[in-house]
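What follows is subunit A paired twice: with subunit B in the first complex and subunit C in the second.
For the complex of A and B:
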């Protein structure tokens, strides 16, 4: 558990450092999100007594653009005996700044929760003692999954991150469908979620997602519905 | 731009590091076994009886091969049933087992000196593949008539049929085992059956009525040394409920047929006895009512007799009771001649012999006097004497005697006589109906007495 927490903190720190550092250092070299001089002049010449609203277009061009990414996530819900994390890879094709389609692959790592360890150990002990009709635990752990996705970015904006810099972000909705390989075999997987994509530069992005995933697993007593919540953080590269 | 690349590499590295540590696919290494165990428990169901296994360590028997240094005749076991007892006329089977104790040596048993008809053969079973049987139905009369058991001795020997290579067959054959066994035959003890008495239910007085008694005695035929026996008796059950009379002794009227004194064998173990029911020479007892009083007006006398046949072994048939009505031919109070000692229809005379025939004349009327009219028999050859005198007990009874010394010279005609006698009972000044009796005499089938042949021989010698 400590390992996992430390990993998450590390990734989050790297993401923030990357975005802030990039904003400060590229104000002269790159077309940064806060360095539009014309716009700044126009805003400064305005009468401070009047209220004016300026919505700038997205600075990062995502028309017909590929984005490759990697992410790390944790799974909540689902089998109470399992604690699952995953590493993922993604390819998104941004048709325009509002819509993208992609393919995602996740590889899962599994551990028993403390309750799972207790139940399995008790089951072993009961069987070895010749006991009958004991509680029979079972799990159907995930191995990997692949799905196709569609993302819709309806909201975008800029944000100031601790005065380190200005970053553009898109809030998006994502849906997908594919296959998940379980220890018992493959089954269908449906996914829906939401996330925030921070566009650090024109070629670098950071994403935080929360996804709902549903599938059927197969344990000794038969199939059952598994509903999980996946939270992930990741980096992406825009070509 | 370099900063960007550096940060990107750092990010990817972080992602990869995040996957390290406790990142594994299967969190339960023995999950497959646990599933199998669980599935078996599910199949058993929660309510099925528990199977508790407990490991018990026992000493495993260790076969010990003992090298036999010398082989003697005991390498073969011949064991028979302990009691081989047969019964005449009944089939029986007994087992005899013969087995070689040497592995690789096969034997067979052969019997010798068996009784005729006995069969000795192999009869293996799943439990005893070395089993033989001795089956025999001893015929009747196997056991002598003067004993009840007979013993037979026979021999059973083991013959070697097969040996595996390496075993000295000749040495074993020299040791071949022979055992003498014995069996017993018990005398037939079956009881006689099918007793039939042909005596009619009604006979006339003053008649000799022949009848037969047949009986089947299993195992006793004309080859047997003994014949069945017939017993005719009176059970004294004179008072039968519902009767107005007494049933008197009928067995006293039964005499043997002198021409067939021995029972005749009819085959199939059936025997026939020839008898007479004599109401001529044996006087009929006067009928009595239930109180024992003579019924003077009766015209029928009721008698009963019991018939029972015995096998030579002593077993017998159930007793048969025969009820006979004797139709009286003269009044009850009329005198009656009783020549029970005659035993035949006629008095048989043999030249040279002296015959003394005692008989009585009785009247059922108490207090009466009997008057007997006897013929003059002095004119007969040998000048026999015939006389009667009143009994010391009652005047109603006359005791008579015919004494006749038959001369050696008497021929058949001389001896074929009819001695007529008459008797009348006088009671209270009234005389009864006269009773006539004719005693017939004939020459017997026997040769002359020895006294007739001795005299001429002595004369010749002189």
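For the complex of A and C:
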């Protein structure tokens, strides 16, 4: 059996070599390579399982690096009579590419929602009509907040920026605690969220973030829990 | 999102070639000078067509750090000091005109050091989608040989199949050019050549069907310059002749006649030189094909001998550890342009010095 296999191999080898030697043109000779399904199957069954991957350096060095940012956000949830937006500023200190600590400041702008306007207008109308009984909802609106944050960046990736270039990004989890100034006074604020930070150049970043924020406001009936969802978009500069 | 093939082709010439430098010879500037002289009524145009003098300045190879590093790397490689040579090759950046050569030679240096993982990492870049059309056949041979050394028979057949699929057009184009001296890419190169020394950035996609590094060949550049300048010169002089007086017209007509002869000789010279280069590459392709054939024969023999080999005897390759400053992406065979030369390969290699049961 062994002899038979050796003979088959020898004949196959000679056929291959002679076909290479006497072929008419280089492109004709190309067809002498491969093309044997049985050999391919055999080779597949002997696949040693070699692996390859791509290893790249981060575009931005985020070891002991400061990032200064500004952002604009909208607030969902909370008091149903209020529509709140905010402008924010942040400083993050990246200890390494995985962890950063920072400080965030948000300045809030408040407007009545259509429902809020309707309720106040109704109360005003009732008052103007000399009514004795009318209800004005009590509102405790946010003025500004400051908090310390910790961010963890466990997931990374990269994306094609409209064929202008390739930008790396990190998805992160963020948690924070601080104070929020309300129209009634200051109170504690807790925050947890997630976001994506896009490292556009060595010194420019862009962030999109969604945060859950919880605090207690103070209305005439007493304190109540306010839970809001904050969505923000911002730009940052890395030094 | 990862399908950047079209984009890669678009940016490839920019990625691997330096554009013409500010001190290179610009055909446009030369044309402006000639036009100004003609408009000034000059009929003695000798300085504009003194090709020997122009070539001397225009085709001098510019000294650059990359060129020096490449020379140093090659000297070290020739002495067998592969580690030192690799260090020099690593200094050549992706944007350099020498980058592809540096990658290929670095792959050989790793191979000769028996570091097949790193050699394969280089050939993976060379044979990646945007580059495979312009690197020729040798990287396939090197990849196939490295795979043979580590008993990765499947990858040998895959490499050979890729060779057939990706090189057929180039091999065929080289054959045609070698036999006939004709290639549809030649007129395109003449059109595109607008400064000298010629760079890959100028020839771009035409490099796919013309001999490897033809744009660096001195004779090709001389002939190309001759064709280009005489071509443009004839057009400008004939334009001027319509407004010239009879005496000037006669002088200019004489010049045109001389330029036409020079142009014809340039075209023939360019064609002949490209044909000669194509013959060399065709012979090399044939040689590489024979070597790939021999690897295939050896593979068939080894597969039968090794089919009962215990997989436990294979050395298990591991990727090197990465830190938080590095990003790891899977290799899906379609690299992004920033991923070229960032490959890492981990092999499970067969035991060395196995006594073959043949």
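By definition in this document, the second predicted complex is superposed on the first by the 175 of 239 C-alpha atoms of A that agree within 3 Å, B and C clash if a C-alpha of one lies under 4 Å from a C-alpha of the other, contacts with A are read in each partner's own complex, and residues count from 1 in each chain.
Methods note: a residue touches a chain if its C-beta (ideal position, glycine included) is under 8 Å from a C-beta of that chain, and two chains touch if they have at least 3 such contacts.
Predicted model, so just to flag it, every value in this text is computed and none were measured.
**Q** Contacts for A:162 in the overlay, against subunit B (first) and subunit C (second): which applies, first, second, both or neither?
**A** neither
**Q** Just checking: does A:129 make contact with subunit B only, subunit C only, both, or neither of them? Give me first, second, both or neither.
**A** It touches nothing on subunit B or subunit C.
**Q** In the overlaid three-chain picture, which partner chain does A:237 touch, first (subunit B) or second (subunit C), both, or neither?
**A** Touch partner of A:237: subunit B, not subunit C.
**Q** In the overlay, answer first, second, both or neither for which of subunit B and subunit C A:58 touches.
**A** second
**Q** Between subunit B and subunit C, which residues of subunit A are contacted by each of them?
**A** The answer is residues 17, 21, 25 of subunit A.
**Q** Under the stated contact criterion, what part of subunit A meets subunit B in this complex?
**A** 3-4, 7-8, 10-11, 14-15, 17-18, 21-22, 25, 70-72, 82, 85, 87, 107-112, 116, 120, 123-124, 127, 130, 132-134, 136-139, 141, 143, 183, 201, 203-204, 220-221, 234-235, 237
**Q** If we count contacts the way the header does, which residues on subunit C are in touch with subunit A in the complex?
**A** Spelled out, the residues of subunit C in touch with subunit A are 1, 4, 7, 120-121, 124, 150-157, 160-161, 163-164, 167-168, 171-172, 174-175, 282, 285-286, 289-290, 292-294, 296-297, 299-301, 303-304, 306-307, 311, 314, 317, 319, 322, 324-331, 335-339, 342-350, 358.
**Q** Which part of subunit B faces subunit A closely enough to touch in the complex?
**A** My answer: residues 3-4, 7-8, 10-12, 14-19, 21-28, 30-31, 34-35, 37-39, 41-42, 44, 46, 48, 50, 52-53.
**Q** Which residues, counting only subunit A, touch subunit C once they are in their complex?
**A** Spelled out, the residues of subunit A in touch with subunit C are 5-6, 9, 12-13, 16-17, 20-21, 25-27, 29-34, 39-40, 42-44, 46-58, 61, 63, 96-98, 156, 158-160, 163, 166, 168.
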